[in-house]
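Each of the two complexes below includes chain A, the first together with chain B, the second together with chain C.
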Partner chain A sequence: MIDADYILSSLTKTFPNDFSESKIESDTKLTSYVEKDAIFNVCKHMLDNLECNHLSCECGVDYPDRNELEVVYHIASYEHPVVITLKVKLPRDDPEIESIVSVYWNANWYERETYELYGIMYKNHPDLKPLLLIDEMLGDWPLRKDYDGYPNKTSKNLV
Partner chain B sequence: MDTNIGPSEMLLHLGPQHAIQPGPYLLDLRLKGESVVDAELKMGYIHKGIEKILENKTYLQGITITDRICYLAAMSNNEVFCGCVERLVGIEPPERSQYIRVIMEELSRIQSHLLGLGEFSTDLGFITMFLYMIREREEVLNLIDTVTGSRITQTYLRFGGVREDFPEGYEQKTMLVLNDLKKKLDQHENLYDTDRIYRQRTVGVGTLTKEVATELGVAGPPLRATGVKFDVRKDDPYLVYDDLDFKVCTQKNGDIFARIKVRLDEIRESIYMIEQSFDQMPQGPLFPEGTPYGRRTPVMRVPPGEVFYRVEDPRGEMGMYMISDGSDTPYRVKIRGPVFPTMQALPPLILNTYIADVAAIAASMDGCTSEADR
Partner chain C sequence: MGEMIENVNFTTSSAISDFLKKTPAQDIINWGRKNSLWFLTQPMGCCGVEMISTGCSHYDTDRFGIIPRDSPRQADVIVISGYVTKKYLPALKLVWDQMPAPKWIICMGDCSISGGPFYESYSTVQNIDEIFPVDVFIPGCPPRPEALIQGFIELQKKIMAKKDIGTDY
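Right, the complex of A and B next:
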């Protein structure tokens, strides 16, 4: 039976130095920080050995106070109900991380979206270009917290 | 997509405005004769920036915004948003509220599937079926309207409960409509099954296999049509789905015909769930007692924390990731809609099919551009 405990022990055994602040919230919820360079291999290990064959979501979060961006992966499975939340810290001025498209095919659009909204560069992504936004907005990174927008283009003025 | 065309090839732009589409998207097709040899999907025509808007609205205002992610699934979008906040705050709706939510969400699923089937039928040129489905759907919408006061964007759920209780005699009224719907569904399924042209256009067309479907990450009816028993209501139960007896509807073939069958079966299963919920529903309050949160909490502060919560949308797995920093607005909301991966899976699915089948395949996935773009 695969549960959060089993997954965490398997991960920390295979990658002893790459996990920090791991937290098991319940049998099916697991949260952990992962080192930036290890994420590709961690995902590969989870797909191959732990039946985590479903990337549920991938997104970015901005923390201007700490001068950091985070990439958050929610990895689930079609076989068992465990959802694993992996977080990777990136420096805000030069956010660059390995793409996981070759492990999880559907990461493609999530990474394109995170790229255009947060400016996180994905290495070895097959086709990194904006997905939702118009081309003129590339470089604005609108979901970062310091994005002001134009007088009439941002939701801030509607509140 | 490579735009250099070879001999007897042509490029075709399908969209962004086209009669077969559930919303604006641009599908670029490279055709060789009548076959699709390459396809690329371009999104963003209806991007509303809902994630950013939610960061600037209070929690209560946010419920109204989540309705607008996709109007067909407004109830499950409310559920996923309210569920996130409830988990952060640490409250749980009383049992009566949970049953009311299940009933309303299943009604919402029925109307979404009915419209999905109707739109799909139009795209095949099966207009009669569209009119039948829309007629049945209107009855279900009336039921939702009776309780919530609006047909599609209901804003019905609240943190820890629901806005209104059922009116008197609601159970009898609902069961009258649903029993009628059951009979009509059998007739409509018979129409689908016996129509020779319909079978030729759907059986064995647009086939997804189990392996490909899981690799592409699709969820909901297109996945269950391939035989994978994945349903968040069963695998990761929320509300009172644990106490209800229902089966996950699956088919084996994974073609268009199977997807439609799954939707028809799911409507029946939803009706069965609503019957059970009415039987098991206790009397009681709508909101938890002894908490500061209730029907009217215009300014509420949510303790810091983060949560990932997922529910079963009519179209598949709907998830929301919410981070709170202790203020009265969310710090970050990520909406993981079910249609996003489904739309992404469309280009590989239509490779090497005929151009005439593209409309049927796209419609059978029951996409909603509004939700994919957000």
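Right, the complex of A and C next:
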């Protein structure tokens, strides 16, 4: 039976140096930080060997105090009930990470959206362009916490 | 123009139309127009769901001549029913340009009037009335179907009073 313990031990055995602050919250919940260079191979390992065949979400978080951005992956499975949360820390001035589209196909639009809203560059993404924003807004990164949107780039009839 | 015939005055269709605007004939034309306000089924936000249900049989808008249409070529009224994102604005303009005159716009919901809950958003367009000639504003979040029907009736009154922005008299 595959549970959170089993997955964590398999991951740490295969990638001994890449996991930190791992936390098992219950049989079905696992959270961990991953080194950014390892994330592609970690995802591949999970898909091939651990039956984690469903990427349910990929998103970004901004931590201006730590001068870091985080990419968060929620990976689940159709075969067993474990949901794995993987987080990757990236430096804020040069956030670049390997794309996982070739492992999980549905990461495509998630990565495009995270790119346009946070400015996280995905290496080897097949088609990295804005998804929901107009092209002119590229470079504004509206969901970063230091975005100076209001009032300059939003409503013009205020005050 | 063909050969001139003695004692016959030639005219053009725009001259006729200009002449009609100054006579009571325009009242009859407007009476016809106001009773066939076909609107475009073009939902854009949560208000769009109210707009769709307004067009369904329960509210029986046919009795006012208000019928939902699927194509901009067949529609007289476009209901801006929700938030307009910056990405969507060019498409909306295209749809508006495809509609044959005379045509009118109704703004439905707080989003299309002033931004509503998305007032300070980075990706929505404020002040739609600066971009389109809007005749009727219906506040609410979302307005009930009855309010939309009320909005159509206000538009009919405006057309009968020749006060609508869509046509120039």
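What we mean here is this: the second predicted complex is superposed on the first by the 150 of 159 C-alpha atoms of A that agree within 3 Å, B and C clash if a C-alpha of one lies under 4 Å from a C-alpha of the other, contacts with A are read in each partner's own complex, and residues count from 1 in each chain.
Assume a contact is a pair of C-beta atoms (placed from the backbone, for glycine too) under 8 Å apart; a residue touches a chain by one contact, two chains touch by 3 or more.
All of these numbers come straight from a predicted model, not from anything done at the bench.
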{"item": "Partner chain in contact with A:106 - chain B first, chain C second, else both or neither", "value": "first"}
{"item": "Which superposed partner A:132 touches (first chain B, second chain C, both, neither)", "value": "both"}
{"item": "Partner chain in contact with A:59 - chain B first, chain C second, else both or neither", "value": "first"}
{"item": "Chain A residues touched by each partner, larger count belonging to chain B or chain C", "value": "B"}
{"item": "Partner chain(s) touched by A:140 [first = chain B, second = chain C, both, neither]", "value": "second"}
{"item": "Interface residues of chain A shared between complexes with chain B and chain C", "value": "132-134, 142, 154-156"}
{"item": "In the complex with chain A, residue positions of chain B that touch it", "value": "43-44, 47, 49, 51-53, 56-57, 214-217, 228, 230, 235-236, 308, 310, 317, 319, 321, 323, 331-332, 334, 336, 340-341, 344-345, 373-374"}
{"item": "Residue ranges of chain A in contact with chain C within the complex", "value": "132-134, 137, 140, 142, 147, 149-151, 153-157"}
{"item": "Complex contact set, residues of chain A against chain B", "value": "28-29, 53-57, 59, 61-62, 72, 74, 78, 81, 83, 85, 104-106, 108-110, 130-134, 142-143, 154-156, 158-159"}
{"item": "Touching residues (chain side chain C, partner chain A) in the complex", "value": "85-87, 114-115, 119-123, 126-127"}
